[in-house]
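The structures come next, written out as structure tokens.
Here come two complexes built around chain A, the first alongside chain B, the second alongside chain C.
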Partner chain A sequence: MEEIVHLGIPFLTPDQWDVITPAYKDFELIRSEGPRFGDMFKCKLKSTKEVVAMKILTIPEDQKSNGIPYSILNHVSILKTLNHPNILKLHTVLRTDLDVEDVFLVFEYIDVSLKKFLATPFPIDVIKLGKPFLRQALSGLAYLHVQKIIHRNLKPNNILLSFQNHEISKLKLTDFGVAKSIEPPLSPYSINMGNPCYKAPELLLGFTNYSTAVDIWSMGCIFAEMIKLQPLFIGNDGPKILTEIFCLLGTPTEENWPGVASLCSFIQAFDPPIKPKDLAAEFPKLEPDGLDLLSRMLCLCPNSRISAVEALEHPYLRP
Partner chain B sequence: DSYQMLRKRERRQVFIWNYAERYFSTTKFTDLVFQQRSKMVHWIIEQSYRKHLRQETMFLGINLLDRFLSKGYFKAERNLQIVGIACLTLATRIEENQQYNRVGQKNFYIEKSAYSRCEVVAMEWMVQEVLEFECFHPTIYNFLSFYLKAANADAVVEKRVTC
Partner chain C sequence: IEDERKFVLGFDYFSKLQSRSLDSSARDESIAWILKVQAYYGFQPLTAYLAVNYMDRFLNNRRLPQTNGWPLQLLSVACLSLAAKMEETLVPSLLDLQVEGAKYLFEPKTIRRMELLVLSILDWRLRSVTPFSFLSFFACKLDTTGTLTGFLISHA
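Let's turn to the complex of A and B:
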């Protein structure tokens, strides 16, 4: 479907090469996100010729003596417990010897991220691709949520697709860098992660006891983005996005989100409250069932938002 | 439903409960290993109280230690003690908030011996390798809240057992 931009051979230090060259060959950089997020490249396993994707996490010099960073513990630990066809599988973890500087995560290889796919000049046939996309994405998400794991960073970049005969053959959720497993007893969570464009309103309003519903919101935004071919809410900070959300869906009231006013006093400043827009007019291409599902996924109140399991039972996704 | 899930996860990663006996039948280092294990468990509990760490941290630290020892052991007393320290520092990083996000102190003291930070960090990697990075493991503490609810415990009892 799409040619990957070839960035050539990744730049690695001799130590890094020492770790990976015994077992892997044919290196090719596929994504470079700067030192903080780590480079991604694809390579071949020498023994089986299997193509895999490798991600390097580098531990900054000044943090080395502080032990294994929590982010790495969290990331790898969560990935290790997951096993589902719609979640990118982690094969192996490698590391540089002695003075540990880099950790290598070896994943299965999938060609295109949704972000790249959306950027292609070919218009998407939403009617045809939307359903299988959403079905697979939600079944991956349902699996995560049953395991009591919140992804917290869903965005088109983190959804990988592979195609066969112009149909989605595989969809994989990836990047569990800020995922969180929720275990009782519950404690407040951090709200400062992920891209604000895909953040649920309860996060933007600063609630710390959010739940799996935040992922459903992000998925709703992504689904809407596939139809509109541009992000549903655009902005680079929280307040901007929040305004956009309220403009489209109206301000939350005590009726549709019980308790919102007590947690967040400035809601009452919207007087009279903004009326929600008609989603059907915003998404003329979408059939009524799809609209209904989208509006349930983009429900302002997290407690009445549809869950991943319920969404899979929705008429729109029924085969 | 939440409880069933937790239970399932616990079962999946359970350590060999009778690893002590297994050691007795296979090696001559048993005494040393178990003497050190109890010493380190003691140390972990003591440290947790002294630094006001959360209970989860303490349980997770001991859990990591037991899982490590059920997969292998060291012959030297020194290394066994470092494993104990590493398990606690790892557990601290997993359970506590940001301010504990690193191995803060330069040296660790257990009785008369001192251990440097880099020894501990190297051991952390070793522990992770042995446990294959599976360290988010439900401990007794996670079950406690369920049992308290099931037993209809009142606030006083709850307070006494949880803190």
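Let's turn to the complex of A and C:
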């Protein structure tokens, strides 16, 4: 599941170069998110020398007969409604000649993803960064959830950071390619998007009526990853990750997750249920308040999981 | 709340309609067609409402080469297609969408480009807050279909 990051000049078609070279220069690929989601590259606006990030959304050839696909409409219209200091700002959608049917998104540029940051041996105490990190990440998430939007694909690659004097000066959530707005009528949601390592148990168990709590779970995994300096749950597919989750947090029971057995009969096969491990032993460096918040974010039952707004009020995050 | 301005029409829109620059009977015809297709495919009322919202916001910003005839029909198809994709789980293909006495038949490529033009004029703001957001909030259990359709027509 490793995303391939190859630095260099982005691979664009001649038409795409024609659109952007008149106004932009100094192109450099920063993240590749696979052919479906497009590459993110950085470039400089010729007029103001401002550095921006750009992403090109292309209509897949097999979907062209249906016009602009829902995925692109949803992605861009969600970005257009968002305005928060902890969410990567969409500056503009380039207007192109109608012969070019790609959609060019221009974002503010933030230098490093959490994934890159965690992979570099920084001389920084990551534990100390835990609080400011969570505060900013959760305020971005609380804002999204109030807007009734689920991100659905939170992972270290989609959290951008910039630093000043060894402290996080900016944190921005990005990549709303599979975000979903929850408005009635509620049709069953897709459960197939996102990296399995950060997927909530209700998604891995196949529940289609999930909600904003799936983002809190992912954020819990990411917070844990910052402390451990490696992903909390490692595996290539859903069943492997689910096993890892149950080994750490125990199997869900009717007591701690009402209704789980009727929706997912194989849970009853764990008899007696697996007992949860002691989180304090797993995270010896984390203070008790931090452990308490982490355990509430990694609560198996989505209805009992802490919300972003509640988490911001948690003693661990109080100034 | 400030963002709301981006979703509403200019105050002069209805006076433009009454004057020559927009043909209000052609607009009525387009809305009637949108409502027919909505009924044909069993779309939600919100879909038709959004389609008309997109169309009005477009007309408020841009003049079509002719105020009736094929340009307005192309605009109606593009707006309905965009609204259906935003709100419906099952969306007919662009060719199948052009039913119920559509006077002109457009190729998917033409509609796709019109969709792009509409999107750039609307600045990609498709998630308008509509009366439906409030209605479904207050009265999700009532069958409001009849009254809402009536509202649309009276609005027209």
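Keep this in mind: the second predicted complex is superposed on the first by the 300 of 319 C-alpha atoms of A that agree within 3 Å, B and C clash if a C-alpha of one lies under 4 Å from a C-alpha of the other, contacts with A are read in each partner's own complex, and residues count from 1 in each chain.
The rule is short, and it goes like this: a contact is a pair of C-beta atoms (placed from the backbone, for glycine too) under 8 Å apart; a residue touches a chain by one contact, two chains touch by 3 or more.
Since the model is a prediction, treat every value here as computed from it, not as a measurement.
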Superposition on chain A - do chain B and chain C clash or fit: clash
Chain B versus chain C as contact partner of A:E255, first or second or both or neither: neither
Partner chain in contact with A:E101 - chain B first, chain C second, else both or neither: second
Chain B versus chain C as contact partner of A:D237, first or second or both or neither: neither
Chain B versus chain C as contact partner of A:V93, first or second or both or neither: both
Touched partner set for A:D278, first chain B, second chain C, both or neither: neither
Contacts of A:V146 with chain B and chain C, given as first, second, both or neither: first
Partner chain in contact with A:K80 - chain B first, chain C second, else both or neither: both
Which of chain B and chain C A:I68 touches, first, second, both or neither: both
Chain A positions touched by chain B in one structure and by chain C in the second: 64-68, 70, 73-74, 76-78, 80-81, 93, 95, 98, 181, 183-185
Complex interface listing, chain A residues touching chain C: 59, 64-70, 73-74, 76-81, 83, 93, 95, 98, 101, 181, 183-185, 187
Complex interface listing, chain A residues touching chain B: 63-68, 70, 73-74, 76-78, 80-81, 93, 95, 98, 100, 146-148, 181, 183-185
Residue ranges of chain C in contact with chain A within the complex: 3, 44, 78, 81-82, 85-86, 89, 91, 93-94, 108-109, 111-113, 115-117, 119-120, 123-127, 133, 136, 140
Parts of chain B lying in touch with chain A, wherever the complex brings them together: 2, 5-6, 9, 89-90, 93-94, 101-103, 117-118, 120-122, 124-125, 128, 132-136, 138, 142, 145-146
